[in-house]
């Protein structure tokens, strides 16, 4: 007979620098944290390559996931007993909060683009497949894993539960802003979480904010805006990201060209073949990636070797503003002439490719907007009430940059060619 | 002709969560930070396995090294122009501060014990060998690398310079207490750094503290005391450390027993043979280690596999207070009977093995004591002036524990044996 | 022979919760702090009646003035040696920063309005009159007091010096935002002061901000915006301010009507007569005011007594949104009918009367705008570069409210009249 | 029929810089806060004259009282449902916490000594007399005021309730350490309040601390120790206190000598006569005191005038270590010779007179000691378990100082006498 999970005999706490303590009273949550799939998140950094710009940003998705759980726990405490909130959904909300990032791979942004992976696919696969997480979730009920997946995929019928982890002011974003600000050391990400939690209220279609708390929410939106420009879109981080992508591209290219690697490609075979099972996927983490980058320092292929060295030793590309495409083509020609392969060493990167946004109420693929609940009972979308939010809504200022190895250019023996290249680059 | 290093055209800053900003004006420091040996410290955690107890403790020796440099820079600014301080030693003090941990390997505590390595040896080797760090240091002067090594080794003639990074109140300790407190989230490690810097004064034999600042120093010593018991000696961290040692022991044992590993042991060959060159050593980092632990999950040897799984998935050993040795021997016998190898699964660990201490003024192998400089010009050792410090000086309360896999014991089929084991363990 | 002021033998420090330490090295500054006129600022709260809304806001103009001095000291340190900055103006900038609020009286907003006083007049009078401050300033040079007055009055020829304490991003505003946030406990007032100081540069017409620091300045402007709405315009604070004004109005009215006060009006005689000498002015502080409010609790005049009781015991007026003036007049009529004097008990208050603004670059009476200094050398006004700042520039959302004693209305015996009053008030 | 007080319709919150928010859900607490006797605490500083040493220390007993209430509220939440805790005592504990300082007068330390007042007497008188506080308390039950008084006086039968506000680790001390540290800006007063609250448990004779939390309590005791030496015993604060006492002594002396004061002594009559009614007492606050000190600046008596000037303008006495009494007598003789009245200008002050202590478990008049609750169920007094606490327990290092007006001594015309005085003072 299957036992039912209940409350822990004694509450467990995790010391957390952002929320002080993370409180766990439910056996289910405690067991989920103990699974190998969840523990693996300790080996995946929350901010990918950002630690190469902000050295404090070495925190993992493990810490963040606990934080999202904790914020959700506090929201649910505020909702308890109020209309529209179904207390039976509590464990579902908490589990979805804890597991929302379970499908993320190492350096996921670059990884997914190069290998055509999709963390949402693997999230579902880990929740529903033959995993420790699935086994624990099924202790709750047979359809519980599916419900957790639906909440994370935003298809669950109770939109209020969905909104807690997928809206413009969800537990996910609130934790990452505070946490990323704490670990990078920038002051921009701070806002009054406690105040926001106090003014959140359950509604049928999702959580709303009492209008008296509008200024706290404005402050939160501004924190987002600032964090994007100061941290998430930082051009140095993007340089590291560019190099990372090029490493993966080069390795894939070599593999497809039947190049003989000196060390076994164990973890990469399925990636290169595009047949990554859940089990393969779970084995990938950032330590493993860095192992390969390190052994590739011994490879014969000069491009792969050089890119790996750049990544590990932080010899990043420099950047300038993007030039007109005709001039980029000219530059590419010069690079070839100089023996520098422009496919790997002259790279256009656009911040708009990044999975961040300020606040966009109107677009349909977007997360739920922030709604204010006025004293008279009316509901009103935030940007119609706030000048400040209106000012930045939907304005995604795309920032295009051109990345290149300044050290290589500076070292060119052909002075004339070098001059022509530098002249063009200085226009950017 | 060799160029001389000077000041940077524009000061560089690193955003740092502990010191707000880390300021670099000297070209030498900037170039040292850019070396591959220094960048490697990004891949070695400051607190080893502590992140398995305090999830925030994911910060690296890279961050800490920058912090020690920054504190030293501030001390030197206070000393500037004062008697006993030789301004020509400035670059030496800064370089030694930055590089004092350059020889640390991954999880160094366990690593050094199992493989008989010594990070002091590799520090010297990296400073003086054929490395990028050495090349940069020699730009300063031919004997500069040797001088840096001497400062770190405490043999340099100017004891004042040595004291900045090797005394009971040096830049190293001050940074790690603040930093470890920040990242773990515990409040105990805080003390008033700015106040201490304001009362430090240069003397012939080392920095002293103006007596008017005694209470700030008491607070610092108490922070140390609290951090050791709350964080550094935490029994859960020691459990992870025990498992880590046992993994390394087992792998070494298998290697020596001519066991055939399924994956190449590239990085481990020289470790197992005891012939680790500087180049081999520099390749070791914690990502690499975790790669091996992960591939060893596929090994045939059950003990290696199990220990690696425990480490990666955080299925740690439980612990009890150490029993009398006769009872430990009995337990070991029972374990064998039950098919559990006590050499790997019944482990005594003593906190006194850890490289930390509160404050011990008298012992000769110890770091320089803290001296107070009284208004009348007298110098007096701290513990003779402070009741609080006197109370904890030299009192190393050793904490012995016995570690074992509670899950395995609980799962034993032989109920009688299981009972006998549990009875003994419960006495601890 | 007059001695010249120089450096202190030893630097003096004040422990400050906002800036950690305030450093004083100049004898002049030290002596200015010791004057009776400056010490008097300890008895005048920085935020007037705000402590009745945010109980932590009990800090004085003394603390704030030290803070403005400290920020100016740091700016001047950044400017040292740079073009456009005249190091000989250092003592002038520091003195003006320290003394910029020296002419403020108790609860100055209400006080000035009721008695037609002007703190700028008294600032000048204290600097140039027969005061301790004047005597100290003259030790520097005979025309030094006049120069300090000119800087504070924005008429000094070196506009750069003026800009340090009178521009949209001056030391005054930066200190009060941080300090008021700290003492009230709201998180909105925080911004990265250290970053802003690092990007400030001297120009002929005033300090500018390197464009790379724009986001830090946006954050500062947003802090201002938030502090105004959350703290400075808070309707409860305005209620206390309304009562305070009415107390002063009533006392003045009684005096002019030859009412006999039971206790001597020592401090008020000159106020009522409109002949306040500097010496009279200096004697005024908030302790003295509260003494009078307390003794007036014993006065026969019921209105004066009631208003004083309301202020001291915090029985404030309630408020509603302002009604159309025709309805206000009807209300006033009802109040009279009910025996409540509407001149004291039905009060319109507008936030736009408050001496605060967000950011208004265009208006000519305004403080200097914030200019960005771009990498190409161009200067550009902030709101033309920042969407966020542009969104709130010049938009002074005036908030009109109607204040009244809800307790008195609720206690009316005439039920019909009470109903009519309450109906009207509920429309607001 | 008397209505019963219940829960507020909506929770009220106060923004508090120390505890973030102070939560009030009970109508009784809300009404108590609104009484004139409680509002009066806004006009009495928490740390008396300390603001003359630490300029941030301008916070009031009002803020502190709210803080003690809030901590008690949180403790009671932890106790809810546990053995030994009687939930019916909740309102009693909260009310006593809120009102524990209700009987404090202005600058109470000096005031009580000079006029033979006793704040405990007035606490009782305010609780039981004809006051707004009493009227509100009686809404709870007729004997409720008496019970609140008993809790504050430590005579209440339920010792657990008493211990929450009167033990070595009560809500009172925990709030003032955190609060005084926050407002002064010193870092020493910080400790992990949340952790301590988590490990407090109700026992019959008072709250105990789970032994696993011992280090958090050690840290709290060390904070106390540091705050006493850094803040509470600060010799400059004591200088202001000395002057304050001497003002009061002089005024009393003049009154008794039938001196004619120029301004009415309204508030002082009953003080001088020793017949202070509750109503008189409630009228006293620090604003009122400072009013008198200011008008006394115009008095003919030179000593009174001078002392008031010193207090208001912060021209404090200097100090040296106490000399042997024979030398103090010699000094007194010299002072008289020089025309300086030693009864007012040569003052011995001992820190042991101050109402603070570190930790003294053994003395019977002492507050309840801190007991640890061990895992095996045993109870053990803290200092027997902790080396650090043992080291400072009961060791009240008394610090005796001699205060005098250095400016007057320096200005003496009789050079020989001046030399003799200075020689003696320099020995101290």
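Letters are used for the chains, namely A, B, C and D, taken in the order the chains are written, and counting of residues starts over at 1 for each.
Going forward, a contact is a pair of C-beta atoms (placed from the backbone, for glycine too) under 8 Å apart; a residue touches a chain by one contact, two chains touch by 3 or more.
What you see is a predicted model; the values in this text were computed from it and never measured.
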Pair joined by the larger number of C-beta contacts - A-B, B-D: A-B
Chain separated most widely from chain D, comparing mean CA positions: A
Between chain A and chain D, centroid-to-centroid distance (C-alpha), Å: 52
Averaged-CA centre spacing for the pair chain B and chain A, given as whole angstrom: 31
Separation of mean Cα positions, chain D and chain B [Å, integer]: 45
Multi-partner residues of chain C (each touching 2 or more other chains): 20, 186
Complex contacts: residues of chain B adjacent to chain C: 13, 20-21, 194, 198
Chain D contact footprint on chain B (complex, rising order): 186-188, 190-192, 215, 218-219, 222, 225-226, 229-230, 387-388, 390-392, 395
Complex contact set, residues of chain D against chain C: 14-18, 20, 34-36, 39-40, 42-43, 51-52, 54-56, 58-60, 62-63, 66, 182-186, 263-264, 266, 283, 285-291, 294-295, 309, 312-315
